[in-house]
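Written below as structure tokens is the structure these notes are about.
We just call them A, B, C, D, E and F in the order they show up, numbering each chain from 1.
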Amino acid sequence: MHYLTRRFSFSASHRLHSTAMDSAANTCAYGLCENIHGHNYRLEVTVKGTVDPKTGFFCNVMDLAAIVKRLVADPCEHQYLNDLPMFQGCVTTMENIAGRIWRTIEGELTAKGMTLVEVLVGETDENWVRLRGDE
Amino acid sequence: MHYLTRRFSFSASHRLHSTAMDSAANTCAYGLCENIHGHNYRLEVTVKGTVDPKTGFFCNVMDLAAIVKRLVADPCEHQYLNDLPMFQGCVTTMENIAGRIWRTIEGELTAKGMTLVEVLVGETDENWVRLRGDE
Amino acid sequence: MHYLTRRFSFSASHRLHSTAMDSAANTCAYGLCENIHGHNYRLEVTVKGTVDPKTGFFCNVMDLAAIVKRLVADPCEHQYLNDLPMFQGCVTTMENIAGRIWRTIEGELTAKGMTLVEVLVGETDENWVRLRGDE
Amino acid sequence: MHYLTRRFSFSASHRLHSTAMDSAANTCAYGLCENIHGHNYRLEVTVKGTVDPKTGFFCNVMDLAAIVKRLVADPCEHQYLNDLPMFQGCVTTMENIAGRIWRTIEGELTAKGMTLVEVLVGETDENWVRLRGDE
Amino acid sequence: MHYLTRRFSFSASHRLHSTAMDSAANTCAYGLCENIHGHNYRLEVTVKGTVDPKTGFFCNVMDLAAIVKRLVADPCEHQYLNDLPMFQGCVTTMENIAGRIWRTIEGELTAKGMTLVEVLVGETDENWVRLRGDE
Amino acid sequence: MHYLTRRFSFSASHRLHSTAMDSAANTCAYGLCENIHGHNYRLEVTVKGTVDPKTGFFCNVMDLAAIVKRLVADPCEHQYLNDLPMFQGCVTTMENIAGRIWRTIEGELTAKGMTLVEVLVGETDENWVRLRGDE
């Protein structure tokens, strides 16, 4: 089985704050992350598939790139993530960002014959989250 | 279970062109990739195994390195991949390159007691393919 | 399922030498690695879990970071690994270092509700070992 | 002559907006950068000096690190740069950030016998500014 | 004085062959580099200037980026460099590529008020050439 | 003027200890660095020159690479730097290592027509020293 990964990045701001918790609980859970700060986010999207013997690939990396760029990387570029429609109703942790990105891109990828298997969201070179489906 | 990975790189040229498709279909599928262009290819080979308590490793990373260097990295260095025996009869997509490398190194790795589990081929820091066996 | 990874590094020295083998066998197995040399070690610890809808994460990356820093990264920083209690009774190969780190951190991570799934130890950018549990 | 460089990073948010220009001029000059967005900032501080034959270095890299961390990296970490005292009265471009950091750290570095020669501020891996004194 | 650097990359093929030398001399000078091979080229362009107090920068990084992308990065992307008009009449060494890029972009940069001070061309992470004017 | 840089790395151990200072002064100056620890050292050697119009380069990057590899990178690989002839009579700080490497390679580089302008020695990605001659 082949797995194709495409890497993206976007520079954005966010803050961690949950309306389900009071002020003290927010401070306790998020610390400095309650401040509006920002990152050069790393986004890696992985799809799997079977190679088409005629073309030698199972999906065009350009199709994958265009979909994720249009639906995620461009709308997030130089934005405050907490204000984006894509992330309404959730705290913008890496876990939730990965979940919302998955939901945002899965349909078009499937329509193009790609099976989404992993969305990686990293805030820095030192910490990242991977959301994985069934491989 | 332990997984050992060794990373290699080689600078080579290639073009994507399929003899199974006519000119228009080639252009449609490959775009600019039909031109002879090149990359500093990234190659990561992963094997799995059980640690030998006497030596503390399950295969010598030097054995792994020597095999892949001799069979793949050296023959590909500063070459036009489409002309190499290793890649005859296939379009030199990352998917096919990974498949041919797998086929080229699996025998010697198995003979040395290593089980090949993944071959990663990357054209740039932004896109790569992983070919995986059963983990 | 979400997977959270945190990356650490420490600069340390070590040598590979097994008391279970005679001098010739050590030289044969380890070559130049028998000399006391050193690395900027890369350590990546991955845990898995389910997101708490209230906070938006399943474990605080700060908890993970604090535990691994206190139990591993700080005690190894600028040390000769072969002399550390953590690595007694084993050859300091990447495989064994990963195994001992796993054993060292698993208890506290579990107590904090995190399931350890992978410990990656790398000596250089070109070679690394991943020790994985059942994902 | 020896030059010693120490690299730091901090994750922060900012926006580009000049009170000396009207709304249209701001949009024209800054585009998307007028939005509150963020980066993992790269900061590299370079000092020069002559080696002390007794110690083998001309300034302790730890002194340099401690000064820049206390005066710049820690106060900027997870903050909105436009609100910090350090950046009042200027637009938070890379050029101005570098200038204010220079002004902030030069005194203590000089007092410790180091001559500041360059402050590099980078927003991403693709763009950065270096402010240099007379080398 | 402020120095602004912008980094670009393009994937291209080339070969080293001089019509001013016979076959034996070419082989002696270039070795494997006579083969058509390729790289993910790194290109870093540095300009200097004085900060405009109104905007906080001395040239818009976007202007710099647009000029170099249009004149160099886009025309070189996925091409065989030896065939491009930009590199006619010279061997495509890093030295000559840097020289031709300098000549290609200097006019438009000057017209926009930027003083070009350095063009860096790198074939791999291990070797690169910097062409510098008078700083 | 063209500047050519070649990057090398070697994994080695060292400790900082000066025989010109007593035990307390050593501890005060070097802290944890008095322990035998290690690094994946980064070494970047830069030479300058004028392009030969016939070949298109002013020195063969292969000549530069071969000289530095033979005289420095290979002898340092997997060694305890304090024991090497190259570093006798000095504390193995980055400053001194750079100085001794300069002295070791300058002769052969000059003999090949290259002018050495900078030796960069880095212990980690966060700190490095550059020794520069007159540019």
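In this text, contacts are C-beta pairs under 8 Å (C-beta built on N, C-alpha and C of every residue); 3 or more make two chains touch, one makes a residue touch a chain.
Keep in mind that this is a model prediction, so the values were computed, not measured.
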Which chains contact both chain A and chain D?
-> none
Chain hops separating chain F from chain A, counting only touching neighbours = 2
Interface overlap for chain D and chain E, more than half of numbers shared or less than half: same or different?
-> different
Computed distance of Cα centres, chain F from chain E, in Å | 28
Sites on chain B at which at least two other chains make contact | 125
Which pairs of chains touch, using the document's own definition = A-B, A-C, A-D, B-C, B-E, C-F, D-E, D-F, E-F
Residues of chain B defined as touching chain C within the complex = 1-8, 51, 53-58, 60-62, 65
Contact residues on chain D for chain E in the complex?
-> 16, 18, 20-21, 29, 31, 90-96, 98-99, 125-132
Within the complex, chain E is touched by chain B residues 9, 11-14, 32-33, 35-40, 77-80, 123-125
